[in-house]
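This is the structure, below, for whatever I ask next.
As written, the chains take the letters A, B, C and D, and residue 1 is the first residue of each chain.
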Amino acid sequence: MTRTLRVGMIGYAFMGALHSQAWRTLYHVYDLGADVEMRAICGRNEEAVSAAAKKLGWASYETDWRRLIARDDIDIVDICTPGSSHEEIAVAALAAGKHVLCEKPLANTVAEAERMAAAAAAAPGTSMVGFSYRTVPAITYARDLVAQGRLGRIFHVRAVYLQDWIVDPEFPLVWRLRREEAGSGALGDIGAHIIDATQFITGSSITGVSGLTETFIADRPLVGEVHGLSATASSERGAVTVDDAALFHARFDNGSIGSFEATRFANGRRNGIEIEINGSLGSLRFDFQSMNELFVYDHTVDAKDAGWTRISVTQPDHPYMSAWWPPGHIIGYEHTFTHEFRDFVDAIVSGTPARPSFADGLQVQRVLDAVERSAASESRWTIVPE
Amino acid sequence: MTRTLRVGMIGYAFMGALHSQAWRTLYHVYDLGADVEMRAICGRNEEAVSAAAKKLGWASYETDWRRLIARDDIDIVDICTPGSSHEEIAVAALAAGKHVLCEKPLANTVAEAERMAAAAAAAPGTSMVGFSYRTVPAITYARDLVAQGRLGRIFHVRAVYLQDWIVDPEFPLVWRLRREEAGSGALGDIGAHIIDATQFITGSSITGVSGLTETFIADRPLVGEVHGLSATASSERGAVTVDDAALFHARFDNGSIGSFEATRFANGRRNGIEIEINGSLGSLRFDFQSMNELFVYDHTVDAKDAGWTRISVTQPDHPYMSAWWPPGHIIGYEHTFTHEFRDFVDAIVSGTPARPSFADGLQVQRVLDAVERSAASESRWTIVPE
Amino acid sequence: MTRTLRVGMIGYAFMGALHSQAWRTLYHVYDLGADVEMRAICGRNEEAVSAAAKKLGWASYETDWRRLIARDDIDIVDICTPGSSHEEIAVAALAAGKHVLCEKPLANTVAEAERMAAAAAAAPGTSMVGFSYRTVPAITYARDLVAQGRLGRIFHVRAVYLQDWIVDPEFPLVWRLRREEAGSGALGDIGAHIIDATQFITGSSITGVSGLTETFIADRPLVGEVHGLSATASSERGAVTVDDAALFHARFDNGSIGSFEATRFANGRRNGIEIEINGSLGSLRFDFQSMNELFVYDHTVDAKDAGWTRISVTQPDHPYMSAWWPPGHIIGYEHTFTHEFRDFVDAIVSGTPARPSFADGLQVQRVLDAVERSAASESRWTIVPE
Amino acid sequence: MTRTLRVGMIGYAFMGALHSQAWRTLYHVYDLGADVEMRAICGRNEEAVSAAAKKLGWASYETDWRRLIARDDIDIVDICTPGSSHEEIAVAALAAGKHVLCEKPLANTVAEAERMAAAAAAAPGTSMVGFSYRTVPAITYARDLVAQGRLGRIFHVRAVYLQDWIVDPEFPLVWRLRREEAGSGALGDIGAHIIDATQFITGSSITGVSGLTETFIADRPLVGEVHGLSATASSERGAVTVDDAALFHARFDNGSIGSFEATRFANGRRNGIEIEINGSLGSLRFDFQSMNELFVYDHTVDAKDAGWTRISVTQPDHPYMSAWWPPGHIIGYEHTFTHEFRDFVDAIVSGTPARPSFADGLQVQRVLDAVERSAASESRWTIVPE
């Protein structure tokens, strides 16, 4: 008899809608070793969460995450809340014997992340942190190419994550711009993604960093009313307490050096992730704007015929792509979550550890922390603790 | 009380899986004036169709399309079968008072299409033909720009639909390569899409054509066994009875001239749709490989600053995009079907005619027929009947 | 002792300035078997031609081309005048024993071109027609790849030459828009280039065509005053007597089919030459906007790793590139003329026939003529005489 | 009467050939207020330099640069030798009353550069350092856009200069890899260019830096025989004493932050200069691979229509482009030297200071020095002296 995994999700804003679409789709496109049921959604406002349950396809709802965790009919807890609440929820859910999927960043501080990783190691359930860019097929395929040795010795990692949504100085002081809720600014929100993605692709860890952070706009209007993802500005102002932009250099344990930049002030870059890796035998490049493509340079080809090859990562034998459409028909952003959830369910069903693990999330947190410490001490080189 | 529209879908191969994903998603991402239920799926093989029902999310199944049409609990009939069966099913479904959504091409011949258009005009139900590229947001936005006069007088239309899946001469003689089932080859299968798309974007109709068709590989191995979308070759061979490639020139009723090419022999082009429109005030370009982008050239800008602007058609106020993710996060091929179905449901709910209509499908069929007649008479100019 | 080839050039407008730059450079960058001297330039206006001689680097000048041809100290006659004068000058120069380089198109009519080809065949001198795009290194390298069989059997040729300099209906009626001087419009001026280039790359000849031509703007202001390359409009108007745009389909003697378009009404396309060739083993693409690059698709690579490779045709072992800068440093438009002149001088020095020959120019003229005849008879298929 | 400027050039390797081509062309394409004569070339090997004089178009030669400087018939001294000799030659030439054009980097050390800048300030002649990328028309046009305020307040500068010519560990230890001759490695050779170019574009100076340098290959075969630009490897090895790659962060005096990378180990990047500038009103991007193009993003356009516009910087009113061909016809690498020489001659003729001046070259040298000092002290933030 097929096992059924029953999901309870906490949070129903942008990330909740996205996760719902992925959970709805998962069962229909992959052959999993289990049925997946969307059992309950959880939020504090009963009217809103009940409407969300109907609209997003969840069978029931809760208004207190503790009650959700206490339910016997929930196997998986999917945490889509801001980072400041991750530790409390995740640790409780793990203690309750649940499988836990936690959105990134794992936590707002290293200390929180350490406790979460310890809880995950001690708990029987499967746990995973949601670095969803790993499951972009082109990123996974890049990882495969490096693992196969196709790039040889790695010399350079170059990664930027560029956004432009707060260039306007009158854009209000939303929670992502306040340290107490968000932990950090561009660094933790988007810088975390390129740290994880490049370590994943290269199979290597960052050992030390030198950082520089900057807040271009010191204060902003307080938030007036919130409407879905947007918000109006009030007439009062408050201080921006996170970084607008973060730059850092890194050394990896494979001997390569890396350049990283995360910013919300790059006009013209809506969600511009670009990664380039240069090795002794070849190089690769990824641009999220064309997320179904991977550019590969093969140095073993005669220079006369060598060049960057634009691979459409839409063949059925590319990672995760067996589920989708014929070659040349692209997938979108949301599909990476379906892929991520497949990996998570696969790990539960097979009883093997899921990756990226809470330990992986902790390690990224340590890199972020080292960048902040370096930035606070004149960019001095700072070792990332193991 | 909210109305419920109950869908029955006929066919469950590639197109059926794609339609199922779009039907599953539709309700959750748009505010429709109706609930949508996936009531029944229909196919001839009971074992296969019952498995498909479960996997794809349909509540029940039928093995005879006539029984599906006869059911009282079906409001919408979604036809995903090959073109040779479209007329019979669609006419019967319309006569039974159903709303009918029919995959493209509307039919294999002009005569069939004429009878279908007549049936649609006489029936109470809403009908629509599935030219899904219209609902690529960048294509709809291109249509908007032309309608707003941003391109001025149109001079040139240039469109290609390039594929490469039968370059290998040992690829077997699947049904799409046989006239009795497919009607025509590249011309009707993919040429139909760029005819519809360019007429849609320009708001103009093709009045005459000159065509050339070619079959590069005269005979191929017969199909051995079929496995999903792929098939093995047997040791016997049969004649290819459709075109491998079709080229044609056209004149539009807005005074512009067009160049069209449809082929399955363009190595390196998995699903390469490219459209360019040149007008007196500007130009636009679309490439399906980057289907979330539209390139626009504005001739009213000083030449020193003018150039092709690459627009990421992912803003919430771009067509259909309010349903999806933040700017810069792309959607995929399947979403165009969700968009198409939204238009269809909107038309049913509002009681207005749906577009593209069966009459639109008939007009495309007449263009295809004129191309074939021209190709058969030394490319001589051939008028498209109104 | 090194032989010296002494050049006399007729015409000093845009093409004359361009040729002068190429002649000035030729000797310094290639090891030729001869010295090259810029001995005389010829134009009708003495004041202007004497100034041009000084500015462009010619040792002397003439005001009558007959006198130039009569000079003993001229070995090479370089004809940069409009097409209507080519026959008379070239035939006389060949009769005088000169080597003759004639700008394209070879002539304005087939009859003229036939007489020129006959004269060239009978004369002792070397003759060549200036299809300068052949000597774009990426185009020559494309030819090499096809010749090596890297593309296999050729199925498709797709070529456009798009310009936008007369979109404005008040642009004046310059000589290029009048049949008596220009022979034809976009067809002969720029269509000739893509006919030659695609035949050159594929090593194959066009055997038949179907054409469509269009003049979008029927009449224009007469030319007022001419200032260099630009001209003012007078208040009187005259009829445009050439095509603004020409579309044609072709069959090649290698079994492939081709689609061609030449227009001066493609807004946003300053000088947009794009060529794509699809074969059974691979494909290639060229875009003049990035003239130092060639895109190649290799079908023999596994689909998972296959894609279009962007080759920077700037390696020293790429055609003609030994003369220039290190890999990755591009050359410009003018260099193709230096390359062309090197080929011409090489042919003279080695005593071998130069290509493209006057016979090649005649064959292109026959294709152009067949397109015009087809366009005049309802696009009917028209054989190109051998 | 028109003044004549007589040029003497020291050095005739790659840079000498390039300069010769630019000097040969200069007079013919621009209206200068002076005639320019290529009077003498200087090199130590008489046989080689006499051949070079003939081939490259110089009227005479010298084998000792002191004799060249002593000649009365030389007005301009063009220094194309390695950096270690710049100070001695330039100071002597300035003392002799010559106008001096010195290739970049101005010197190998700050101390040398300071003495050169002082000599230039004291001398009557015009002096200039050869940062040739300033005169890429797209770069100059980028500078114009920033100066006009089109980008608003500048937030980010992002620049890389990526090459791949020494990825092979057996590539020999040429002079560019030895500190005593080259001063530094990738940092000074190519990093200097992007420092100068970004300061030029933004009209702003770097005030502090944090750097990291790396030498991936510690030792290499000694050079055996040199053949033009290439060299063979001997069986002995020596230590690489310069950086293979350099990364640094910077702060500019306009409040922006910058990320820089220079490397010779980026496989697939022959000469990959990429620059991006993000401001409050817009952004711009440049890629040397397409050096005739500039990408501009205009934030003042509604987001629905905003995007990166690809400008072909080939209009006659773009910087320096009046000399060349019609719009859409590109120029190449060498033309930037013709532009640079025009600026130099213009400054001499008009008696105004030339830019980039020796003082500009000194300032770049100070930035390079600060990067090296920071890299030597754990990346600690290092102020660039004014």
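In the analysis below, contacts are C-beta pairs under 8 Å (C-beta built on N, C-alpha and C of every residue); 3 or more make two chains touch, one makes a residue touch a chain.
The shown structure was predicted, so the numbers you read here are calculated from the model rather than taken from an experiment.
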Repeat of B-D among A-D, A-B or A-C, where over half of the residue-numbered contact pairs coincide, is which pair? A-C
Name the chain pair with more contacting C-beta pairs, choosing from B-C and A-C. B-C
Using C-alpha centroids, which chain lies at the maximum separation from chain B? D
Whole-Å gap between the CA centroids of chain C and chain D: 36
Cα centroid separation between chain B and chain C, in whole Å? 41
So what's the Cα centroid distance for chain A and chain C, whole Å? 54
Do you know which chain B residues sit against two or more other chains? 269, 306-308, 312, 327
Residue numbers of chain C touching chain D in their complex, please. 14, 18, 20-21, 24-25, 28-29, 55-57, 163, 229, 269-272, 288-291, 312, 314, 324-335
Chain C - residues contacting chain A, complex: 296, 303-312, 315, 317-318, 327
For the complex, which residues does chain A have touching chain D? 155-156, 158, 160, 162, 164, 167, 210, 212, 214, 216, 245, 247, 249, 255, 257, 259, 261, 263, 265-269, 276, 278-283, 297, 299, 306-308, 374, 378-381
